[in-house]
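Two complexes come next, and they have one chain in common, chain A, joined by chain B in the first and chain C in the second.
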Partner chain A sequence: MRSPPPRIPPSLEAQNRRLGLLFVLPAVALVFAVIIYPVFFNLYLSLWKPALNPAKPDLFVGFGNYARLLADPQFYRSLALTAVYVALTVAGSTLLGGSAALLMNRDFRGRKFARSALLLSYVMPVISSVFVWIYLFNPLYGMVDYALVDLLGLFEVAPQWFDDPVLSLLLVCLFDIWRIFPFALIMILSSLQSIDGAVYEAALIDGARPFRIFRCITLPEILPVVASVVTLRSIWNFYKFEDVYLLTKQVPILGVYLYRTAFTVNDLGLASAISVVMFALVMGIVFVAAARRKGASS
Partner chain B sequence: MKRRLIVVFVALLALLASCAKPASAPVGFEFMHTYVEEDRLKVIQGLIDAFQAENPGFEVKQVPVSEDAFWTRITTLMQGRQLPALIDVSVDQARLLAASDVVDVDTCTSVVQDVGVDRFYAGAVAVLRGDSGKLFGVPLTGWVQGIWYRKDLFAEKGLAAPEKWDDILTAAKAFHSPADKKYGIVFATEATDFTEQTFSQFALSNGAELFDASGKPAFNSPAMRRAVEFYRELYKYSLPGSNGFTQVKDSFSGGNAAMVVYSTYILGGLYEQGMADKVGFAVPEGVAPASFGMVSTEVITNTVPEAQRQAAAAFMKFLLRNENYIPWMHMAPGGPNPVLKGVASDPAYLGHPLLKAYGDTAKAIPEAFADLAMFGFQDGKTNPKMGEISARMIIPTALNNILVLGADLDGELAKAQKAMEDVVAGR
Partner chain C sequence: MKRKAARKLALDALVALIVLVAVSPFVVMLGTALKTPAESVAYPPKIMPARPTLMHFADVLDPAKFPFARYFANSFIVAFSTALIAVVVGSVGAYAFAKLPVPGKRFLESGTFVVYMFSGILLVVPLFRIIAALGLYGSRVAVVIACLVSTLPAALSMLGNYFRTIPDSLEEAAFMDGLSRLQSLWRIILPLSLPAIMSVFVYVFMIAWNDFLFASIFLSDPAKMTLPIGLRQFFSSQDYVWGRMMAASLLTGLPVVIMFAAVEKYITGGLTSGGVKN
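Our next item is the complex of A and B:
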């Protein structure tokens, strides 16, 4: 009788690999549970007309929800509004944040206080800021109407700030720019502070003017950070919901359209289709942006 | 030594097992509501403690959820098969839950029968009667809506109480002076259910029902059109814009409006401002007066085990006993009104200083529950599609477009009619 061949101990590398897999397993499981599973479940749900009561049978509609969505003029209106909203708020908040960062990068008395004060709008809970704005524009006792109508006499009758479709769009953009610009400020300021002061000194010795210094030194140094801020903010604002929904009913951007479909009309299938389309659109934009950046850097 | 350890271990396990499953484990259930204010939570917890002391076999856990997140929470819990046994909802929400077949209509009906149908105001029970004749909820309290007006200012100008449509319009014109920030009448115009509730009272006072005899939507009927025209006419003498709770309430308490359309929840604030004796209450009357109110409804769900449903039923019967019912009513005195006839005239209920200040008005308001009128509630039954029509905000969106955005009246009526027909057809 032959004895079994001796067991060869696994190599150190194989052991490490197995241990490594074991270590990443919780993270992978977490990603599956909170990202992959919801995405696929949402995709699955978008092909059905689910009953509110899960004990009742769901109805398989295939691509019916997508067909309904693409035939709905409200969807295109929301998409266009979202595009305008994202463009205005991202450009506005980045410009304002960048300008504030340049200012805060200089040395002046009370700089620490000014830096903290500028962050206030970002750290305040959304619901509080929304109510402050609603009260500011209140027709009975709001400061804005009081200043523009009673003090300055610019209008005979105050405009209906949050009812007029154009004014309300501008106001929700202004609100968002005011609320989120500190994010761009923090990011750009940290990038500005990493620029070596000697470079500026050398430029000054060479006789460069302030604008030239900004264009040839500051801007190229902060551009990668600005690009990241713009990409991140575009994604976040594309999914925006709460402040717009709370401020006005006249700006149904995609987030609001999705919420109404899911929780006012209770059409969970169509709502899932909307979120799948939104996800596809954002992923498309991210891939294009990443490819362009890769092309530019190579 | 080892054997002794094993014996001790096994004995411990046996002890643990016996602790984990006592002979008679109390039946626990969740009670979800929107009374998130700390003082109201305390009152409810006090009642729960008293109930548990009386019924050691039951355990109630209250789950307060803020009002704006309430329906979202209900739908997600429903999807996850985790609805609580007892939920405090509006009639509209109860209709939606009933349409989704998650209400234990038999238990709800038996609670009302056990308490005594005759003890309730007839209207409060009738609005909860579904197609099958069974109740899809237990009425607990209710608020009443109507025109609150400044009696003192009306007397100064010698105006009649704002009941008849013509009198309402005359008074609105008389007090309207926007340059001084004074408005004739302020009411809901935003695209929310508040506007649907306000408008429905005017429509119903003109005999405009939402469905015809065959159950087909009738939002384009001549009576409804006339009601919308009247609503638009009144808006000329109102604070411009999409008005909601804040604008309506503030304009009255701030002295900017002579009349507002609001629920009894306005009483608390006015009392604190010392305005109780200056305020009158009127029910609008076109072809007939239309009492409007909303019944706070307790829904017992059918998605929990039978034992939990019976526990919830026992809790409801406990709450509807006068000694427990009155403290519940006094949580926000004046706002919720008794749907139990006996309580409305009970000195213990009327003894609260706020209710005393309003005198006979406080006593008379609950009478509105005797004959409630409501969109979708016709011939003693609720139209099963009404909940969905309300949830989709079809009526308030049309009104907001007509009044605030100046959209064409007939075009909006036709659009709303089509949207309602889609709901009825299940599209």
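Our next item is the complex of A and C:
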């Protein structure tokens, strides 16, 4: 009787390779479907004037959307607003979070409670936080306006936080600093805690003053984390939408401008051109910064 | 030593001040939820009501007065589905990228860097068109799909980072004992990674639970609205009923605050694991 041809067992390596492919397939397929394809579709759409009625064909306009964008004064206004917004919120939240981290990096009673309490604004859904801020800053009976006008006498009349362009810019910045400073706090606190305590003791024995210890030991240790907090936060806040849109109509940062162009004005072609330009700006700034850092270090 | 004690007191007072300012909006939220309508617009304003009432909580939870339960259920369906898909697809994919010979590993690792420069708002227009073309406009599925844009890459990269900290020797020992890849994944890697997986689940759940952007684009039928879009719609269409708004806001935050508290130490540790763990 002839035995069947011996089946060579697939090598472990080949088996692993097959399993690996099987495992990454869903993830790769999903990423392709929800990110990569839409990215290219967006580029494509930015060259067209998409018809509102799906039964009608789209109209090819070439770089017409980009030309219209660059001629739109609202675009430059949004760009400037976004730059101010990013600068103020990133600086404010990093400084506040960093200071809180330095204060928390000690032993004291209720430390755990304080840490959890400080995370609350970061965890709370934005819609809930927006509602209570609208209440707090209400010009008629809001507690903030009451404190500023009646208790402190800083204002003659209640400031119009939601209608005045400058005050509402200040308001959305304050709101965002309050909401996101816990991110900087957590990141900087955990990098502070990874510093070896023996280094501090040695410095104290050598008679170093607190400020010198901070400048020569603490600061260099946390600087890389601070840099990545600032980088990530700048990018995320550049794309900010909900926190501003839900609070006031007076601060059309780029995210709001994009959203309104797409869904209020229904100009989908211009909207996709805006998002292409936004992404290009971020990529450009990040790569220039990375190249400069490389140049500086070599 | 007296100076040292005074310094400690001053620093403790500063911490207390920061905590107080950071938490005060939520104290006001609770206080207002317990106020009568007249008291919530009284001048000068008070933080806590003289006579607390639970009427607003009762109103919010009464389906005849307020569709809170329906919005809540919709939010839960959307957030749970998004988190489940991101965690299942993410775990399996991240395991393969971390532990198996997969083509394109390098490409993926550089790809995660680009993902950080990305955001859901950039893709609202193409996603809107794609969802419409698929006939999914107005459905909760559309919101789930859109929420995966930002959460799936994050899940992949967070879980991948975690799996890479598990030493290969652990699995090699399992293979020696005769376990297959799948068995070792199921019996060793996944149980060991449960805290990380739970944290990613909560992280994705929170993002989907909070999403306003995509819900506002895709959902127009009140029966399908999630909390953020439903509450906004409801409260902008009539005069502000502050007590009800604040009660609804508190209840909207409750699930994510509880979930976050449960995994807090893993999430706050995991955010920075790159620097802390070797």
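We take it that the second predicted complex is superposed on the first by the 253 of 298 C-alpha atoms of A that agree within 3 Å, B and C clash if a C-alpha of one lies under 4 Å from a C-alpha of the other, contacts with A are read in each partner's own complex, and residues count from 1 in each chain.
Throughout what follows, a residue touches a chain if its C-beta (ideal position, glycine included) is under 8 Å from a C-beta of that chain, and two chains touch if they have at least 3 such contacts.
Bear in mind that the values here come from a model prediction, so they are computed numbers and not experimental data.
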Superposed partners chain B and chain C on chain A - clash or fit: clash
Chain B versus chain C as contact partner of A:278, first or second or both or neither: second
Touching partner for A:125 - first (chain B), second (chain C), both, neither: second
Partner chain(s) touched by A:55 [first = chain B, second = chain C, both, neither]: first
Touched partner set for A:141, first chain B, second chain C, both or neither: both
Touched partner set for A:186, first chain B, second chain C, both or neither: second
Residues of chain A touched, compared between chain B and chain C (which is higher): C
Chain B versus chain C as contact partner of A:71, first or second or both or neither: neither
Touched partner set for A:258, first chain B, second chain C, both or neither: second
First, second, both or neither for A:166, with chain B first and chain C second: neither
Which of chain B and chain C A:154 touches, first, second, both or neither: neither
Residues of chain A that lie at the interface with chain B and also at the interface with chain C: 50, 54, 140-141, 263, 268
Chain C residues touching chain A - in the complex, by the definition given at the top: 8, 11-12, 14-16, 18-19, 22-23, 25-26, 28-29, 32, 40-45, 47, 85, 89-90, 92-97, 100-103, 116-119, 121-130, 132-133, 145-146, 148-149, 152-153, 156, 181-182, 206, 209-210, 212-213, 216-217, 227-228, 231-232, 235, 242, 245-246, 249-250, 252-253, 256-257, 260-261, 264, 268-269, 271-272, 275-276
Chain A - residues contacting chain C, complex: 13, 15-17, 19-21, 23-24, 26-28, 30-31, 34-35, 37-39, 41-42, 45, 50, 54, 96, 99-100, 103-104, 106, 108, 114, 116-121, 123-129, 131-133, 135-136, 140-143, 146, 150, 178, 181, 186-187, 190-191, 194, 225, 232, 235-236, 239, 241-242, 246, 255, 258-259, 262-263, 268, 271-272, 275, 278-279, 282-283, 286
Interfacial residue positions of chain A with respect to chain B in the complex: 50-56, 134, 138-141, 157, 160, 162-163, 249, 263-266, 268
Contact footprint of chain A on chain B as seen in their complex: 71-72, 75, 78-81, 96, 100-102, 178, 181, 190-191, 239-242, 246-247, 250-251, 254, 256, 303, 388, 391-393, 400, 404-405
